[in-house]
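What follows is chain A paired twice: with chain B in the first complex and chain C in the second.
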Partner chain A sequence: MVSVAVARPLVSVFSVEGEGTEGEVALPTVFTAPIRSDVVRSVHTRMALNKRQPYAVSSKAGMQSSAESWGTGRAVARIPRVPGGGTHRAGQGAFGNMCRGGRRFAPTKIWRRWHRKITKNEKRYAVASALAASALTSLVLARGHRIERVSEVPLVVGDQAQTLKKTKSAVALLEKIGAYEDVVKVKESKKLRAGKGKLRNRRYTQRRGPLIIYEKDEGIVKAFRNLPGVELCRVDSLNLLQLAPGGHLGRFCIWTKSAFQKLDEIFGTFTQPSQQKKDYTLPKSILTNCDIGRIINSDEVQSVLRPKVVRKRISIRKKNPLKNKNEMFKLNPYSRVLLKEAREATSKPSQKKQKRLMRRKNKEVKKIGREYYKSIVA
Partner chain B sequence: MSELMWHLVKGHNAFQIRRKGVTLSTEKGNLKGTNSFKYSGLARSKAVDIRPATETFGISYSKKRTKKNAVGKPSKLFHTETLKKGFSGCARVISKELSTYRPDLKKIAVARISKIMAVQKMKRLGKKRKINTGRRSRSKR
Partner chain C sequence: MTETASSTKVPETVLKRKALREKIKAKRLQEAAKLKKQRKERRKEIFKRAEQYVKEYREKERAEIEARRRAKAEKKFYVPAGAKVAFVIRIRGINGVDPRTRKILQLLRLRQIHNGVFVKVNKATMQMLHRVEPYIAYGYPNLKSVRELIYKRGFVKIGKRGAWSRIPITDNRLIEDVLGKYGIICVEDMIHEIYTCGRHFKKVNRFLWPFKLNSPRGGFSRHGKRRHFIEGGEFGNREHLIDRLIKKMI
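Here is the complex of A and B:
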């Protein structure tokens, strides 16, 4: 994936107002970063843990009693029992996880390790990978986005999009660039969540739509935010949870021109370090050429290979010539003729053949007749 | 490149259907419908899709574009044409193209065409004639 010296391919910028494109931009180097689904998945799982709120059972639950065990010799189990009298509660077991009104086994604690630290470099690696994946049509399709009508991936839109104020114009823009189908998919996918989540303020589920990445919010957020599934993000703070939802690569991203152009500044190139991230250069892939087919068929490899060894079959499975016709033919080629004769002797000739024989017979009979007539007349 | 793509996509993708231990794949460009590298329409740069034509009888034949200017353009990913010929006509045209494009797909392409044609024929004949499709139809006789 990493080329030593390559001219960056050009990506068209789609105009917001008029028709067609309004120029081209060079593809930022991030999009050629190695795509490491394993890194993305592990970073994503860890990142997803970080928004959690602690839950725990009350620390006092089941423990607010002055129960003491009665010890042995009383013909009762040795569980601590509630002292006192005059109430049902007296003498009942307490504290144990098996007791009614006792504390549970292993009460959940708030000091559980809820969050995970992720090293900065690893996080950046994951984001770079996710961005690179978003530039590949197959991966975006595989993630489930409806981009069959989109003209180009990565999809870049003119900076005028940042100044859009109305959702109506936002929809018009998405329809123009072929991205609205993805929004429709989200709209149609809204369903009641299966499970207890629906009682816990997570009532509905729906798919994820396009992610719009902008540089400066001059109205774009308000224009797009009400569209189902559409998410917005600033280039400066790209979020892996949005770039690879569920740890799956290939989110459909729509870039504004200035956001797209800022990527080289944010991530740098393979040789030039980033301007925004201190001492950071893009990760390099282990294999520069991962096309195994090409490597195998290349001149460098083929020229050093030894010739293919054709191993002859040492023993062939024995087949019975009395049962297997082909084996018989190998031993006695004339058996083929004998078989044919035998077949013909028993079977009637086909209708076609019969007709042909009849016709020939009739021809001969007629011929004899004609000659006899001639001999008489002459 | 295809192999890398396959490794990214084979575990899970939107087109996969997993039921009862069998994994199938419904993406455009997959002739067999199985989830395998050979028949993958997502992973491969060269792929062919054969479907029944929507309006008319015939086949909608799509081929993935490999030219550089078509890479990264989802709307131009496939070049589609409708073949309104009979089975032999379609099979001839597609076989010839596949000989240079993807010769390993020839056999399965022809098999797919014949299946599509058989169904279309049945429709055309108004379901009067039954086409022998296997054990069940035999036992019904």
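Here is the complex of A and C:
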């Protein structure tokens, strides 16, 4: 989302007669509304229900008999049976859903809730989102439109297009701006519908082509309406079912210049309310800066973070200090002294020490012996 | 991002990160050095105290013996000081306990069979113990029992209300963190406080989780839990003979 402070980008207007462009228009703010595919989808599914015609089974079907149950004791099931005699029909079961000629289970009623109310604001939100999506080439391409030859999206065409009278000139215009491929795509996609729809006056299916949005009909509708897939729409009454067919964002829209310029009046900006819709300003997105990574790594955030807390495990496996000397020493540093004392108290001096003592003793004994010998010899 | 060859330009965020990390590291090393020094001093202190306690216990023992001998020599009687600390073991299970006994055992923190706790000996506690006598075996432990209990079966209560944990005594720091303000910084201090029933007996005792003992090796006596120790059973006050039971159960 582009912030409001930035100057609006310019969109070139393609001339109907002659080559190239005939000027530039500022991009209306609607095209920077938040793109909420969830809102569009939910509104679209509800809106699409509103064109339905009620269907129901006849309320009298299966109930037009005076059948009564024979009750118990007649060795027959207790289902209501047709009274009378003389025909096959007499005594046959009636009314039940399991009976031949009976009414069905849960007969469909016309007072089923066919239509859905959608709040005005929600509808407007969805349209704004759909328009914003139509300005992104990736979304339009993803929806399947053939706009490879189109040089700019949103595609705006001079007001002369509104005065076109012939389909021939309409085709010429589309070819000039590179939009005819989308029409060709539609033409080639016409197939028999799969399923029962083909018996129900929906025999063929085809793709959707470009949506042409105009301000005033001075012949444009008649010029374009016979082209397969092309739909026309007045800018004052934009239809979500056309802007996001199937609930999918990114319809390829072709605008006339006056229609394009009227959008700011119809939808307003983020700060200025709309002039046509009462008490309406464009929805604002929750995040102005969607780059979470950058936010987290920014100075403002990093400078107030505390250092990472390393959670130490407070309890480790317990070792028995009475058996494990190291564990005992860890808890009681005096224990080594006590151990040493204990060892010295109970045991004889170690082998080495014994040897040393022995050797010393021997040395002394030998010394005495030697001196005695000397004294004798002397 | 980073260009090779002579001029290597590093993005500013990377440099900032590096500087921050180094600052944190320097701080951490400083803290670590300070802690190391502290701990070294602590170790010395603990050594001194342990030494002092060993001396104290030995002196006490000798003093006892001397006093007895003197009394015998003078044809007098030596009355040893009454015990200050008792060790109480719950020897009966939790089923079919009457409410009053149940409550008292709860107050003594004996909620499970073969749980043991130290209890200060005074009129109040003795009366409590008397009331629950058929459920407990208790007596006056000697130093060895106290040491062994705390070293082998010592767990402490760490946490806060509603979130207590039973943590094994694996480090003196656990003790110091909680009882440091009473001057008790190591296991030997705890043992001393318990054995000699010091000023902070209650705090140290509460810090210790009730001891979970084994069932006695070799079993209880023939009449077992049904009779008082005096009658050849197991429950009740067995004074200095509690050490034997502890040895079997530790």
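Rule of thumb we're sticking to: the second predicted complex is superposed on the first by the 288 of 378 C-alpha atoms of A that agree within 3 Å, B and C clash if a C-alpha of one lies under 4 Å from a C-alpha of the other, contacts with A are read in each partner's own complex, and residues count from 1 in each chain.
One rule holds in what follows: a contact is a pair of C-beta atoms (placed from the backbone, for glycine too) under 8 Å apart; a residue touches a chain by one contact, two chains touch by 3 or more.
All values reported here derive from a predicted model rather than from experimental measurement.
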item	value
Per-residue touch tally on chain A - higher for chain B or for chain C	B
Chain B versus chain C as contact partner of A:147, first or second or both or neither	first
Touched partner set for A:307, first chain B, second chain C, both or neither	second
Contacts of A:55 with chain B and chain C, given as first, second, both or neither	neither
Touching partner for A:297 - first (chain B), second (chain C), both, neither	second
Partner chain in contact with A:322 - chain B first, chain C second, else both or neither	second
Partner chain in contact with A:333 - chain B first, chain C second, else both or neither	second
Sites on chain A touched by chain C in the complex	297, 299, 302, 307, 314-322, 327-328, 330-335, 337-338
Residue numbers on chain C that touch chain A, as the complex places them	13, 16, 20, 24, 27-28, 43, 46-47, 50-51, 54, 148, 151-152, 158, 165, 167-172, 174, 186-188
Residues of chain A that touch chain B when the two form their complex	9, 11, 35, 37, 133, 135-144, 147-154, 178, 248-249, 290-293
Interface residues, chain B side, partner chain A - complex	1-5, 7-9, 12-15, 27, 42-43, 72-77
